[in-house]
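Shared between the two complexes below is subunit A, which has subunit B as its partner in the first and subunit C in the second.
Let's look at the complex of A and B:
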């Protein structure tokens, strides 16, 4: 009881109390400590003549189980910017949400459209501050007054600006395709095909990526978010319904017990209709 | 409560109960802080715990030193005076203050970070005992 008297409210932000608990529990698991769940992803982006094309697979995994077959990995940041996220799903979700909110506040305050470089700076500061503990590898693409931009931000805050990028567990496979097929000033259809093939290769070569492919095309005129762009050929086509019709299970006995309720207290409150 | 400069506000470590007791004369104040348990305090904390605790003072230090190089000594001095004044606008000790003036000065009212979403002090489920906390602040206890 003495402890709560001159209490200091815990500081806002992250709470690290569980670190001590985890350290204390370490000896109890016989080497089978539960590990944080990582998700597999393939995300890619390409800058083309009129804008940026972003692509992502749609599988979210929990170790060996597919947790979500139609997960949306391309997050909205601003009307002219979208961000693909790889790594821990919760981290990418929250980080991109915070980024989007910050940019909205900025554009409301200043009356200007946010630029891609601003988003990159905010992300870099945020992720560097947490020294990689927030596992978010992001590919940020957008079109602003200075042109078409594609950046990648790593979990430790590293930034790279390239005309084509891929991240996630399937990034090596996708990067091979991108390296081979990229040319400066691609046309829209060629760019979409290139990203689609890159993601597809990532899906085929990596166990953590799979299901459908989402594509997001950002141009000066607007955004085209195609979800799904390409449905997986291994889509689950069930031949029959698995719902059981009424009467499938025979009823052996039935016993009805009416509940006896007595009115204990009755209060009538007239509604105040004005 | 030595507030000479920002350096004194930096915390070199997460506080250890047994080594640096908070009571008067350096003796453990069992009435206010409860019994000590060195083992609980010495367990390794999260690598980010220290850097997060010191983040705001470090940012301020960096900004003030840049400001001093650009505009001269008067700029950080005046700003620090304003910060000190804004920090003093608080409610009773057991009530949460919105720190609106301090946030506006720092520019935190125009940005959202994890400290605005997680562990909001207004949603804290623990509250100190009002009488004891006021008496402690007034030095009566």
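Let's look at the complex of A and C:
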């Protein structure tokens, strides 16, 4: 059995396969080409004594309208690595998915746990190759045999390794809190509290961030994905119930088509619900 | 009327040489709503003032009291809102001094239309809605576009979340798109509760709407104000 390729090394140069198709499609949209869903976000990460804490808000906006109030921005990469994504929602989703798949192939092939620096190299390589066309700003955190690591990868392929980071439209608000509160070798509760306050500041100061806060704690022992870590204090306070009784929508015509069913084969499988 | 990109966060993406032009307008967000009842009128607005993805103020209401029976709600570019309300106040005083009486809601609406059209070729970037009582004591709502086209309505929403609020009001007050429902006339309590609920919904989905809601209720007794908190995130 031939060894499957660990990573498909991409063809040299830029890939212009879709250029002709895009030019043709542009004419069909009457000047109003669809805008990609951006997550307009606050994401942050902190390295603490025993590992890494990642945090994110849960609002996804589509040009100033909230599209998703409970969006998951902390993506699984490997059992010891998670990645927060800001920017174009589809790009962060697909890029992290692709990275996760490639690292799984690597683990199976080599029998080793993937290292954080490998994930960062793959991301950087891919994003640079697309010259910023993939709008993904990522914060990758993980624990491997070499220690606890936190990296950020920008949409153009830039990489930074820092003990605390924030990205997204609310990054400046969060960074203020992190700069003030960060100390090396924090305890777990203090680190979670710091990230939570940083994300909360982003939620209050930035219009693109909002709703709940998700936290992900990665240590040698395992991962604690807390979703939501803190639920938004602004819950539904509407007084009146807006319900419609049957008959509110008029029925114009009714057509009943009876389905003629013929029992071909019957198989009963009892479910163990104990 | 298009006023260019409404305060979007700029993408830092180098696409080649770009000509930068100074834009005299800026979009400061905010939603305004007015409802006319049998003997009352309600003008409500949120109090958030924003620009781009930042918040300038959480306490900047957009309802401006003009007379004892008229309130105007202005949203859009805050600079033009302030100047326009100053001009309306001055014109109200001039009318009072020449004619020895206060302007009626209908007269204010007609005047506002001419003021706005006077700047047809460099418009006031303001979406106005006037709410008040007419000469017969009945509720009146007048809605405007930035260059002065106006009409009398029963209810109207304007500003950033107007597209979300208007269909809901059409359904709940106008009984549109429904059948077999009793057309009960709107009471003041029900109208106020509806306005509050509708703004809570708008704050959920529109990033520019939130912080607090200012409700002005206009009756023959005068103008009473209520402030209700909204989402701050």
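Note that in this section the second predicted complex is superposed on the first by the 198 of 274 C-alpha atoms of A that agree within 3 Å, B and C clash if a C-alpha of one lies under 4 Å from a C-alpha of the other, contacts with A are read in each partner's own complex, and residues count from 1 in each chain.
Here is the rule we use: a residue touches a chain if its C-beta (ideal position, glycine included) is under 8 Å from a C-beta of that chain, and two chains touch if they have at least 3 such contacts.
These figures come from a predicted structure and were not determined experimentally.
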* Asked: So, A:20: does it touch subunit B (first), subunit C (second), both, or neither?
  -> first
Examine A:250 and indicate which partner it touches, taking first as subunit B and second as subunit C; both and neither are also allowed. second
Requested in this report: Check whether A:129 is in contact with subunit B, with subunit C, with both or with neither, and answer first, second, both or neither.
Outcome: first
- Message: Going by the contact rule set out at the top, does A:111 touch subunit B (first), subunit C (second), both, or neither?
- Response: neither
Original post:
Just subunit B (first), just subunit C (second), both, or neither: which does A:98 touch?
Top reply: first
After superposition on the shared chain, which partner residues are touched by A:40: those of subunit B (first), subunit C (second), both, or neither?
second
In their shared complex, subunit B is touched by residues of subunit A numbered 2-7, 9-16, 19-20, 23-24, 94, 98, 101-102, 105-106, 109, 126, 129-131, 133
So, in the complex, the side of subunit A touching subunit C is made of residues 40, 59, 61, 63-66, 69, 132, 135, 169-170, 203-211, 232, 234, 236-240, 242, 244-245, 247-250
Subunit C residues touching subunit A in their complex are 6, 8-9, 11, 13, 50, 53-55, 160, 172, 178-181, 193-194, 196-197, 200-201, 204-208, 230-233
Residue set of subunit B touching subunit A in the complex reads 30-34, 40, 43-49, 51-53, 55, 94, 96, 110-121, 124, 126-129, 132-133, 136
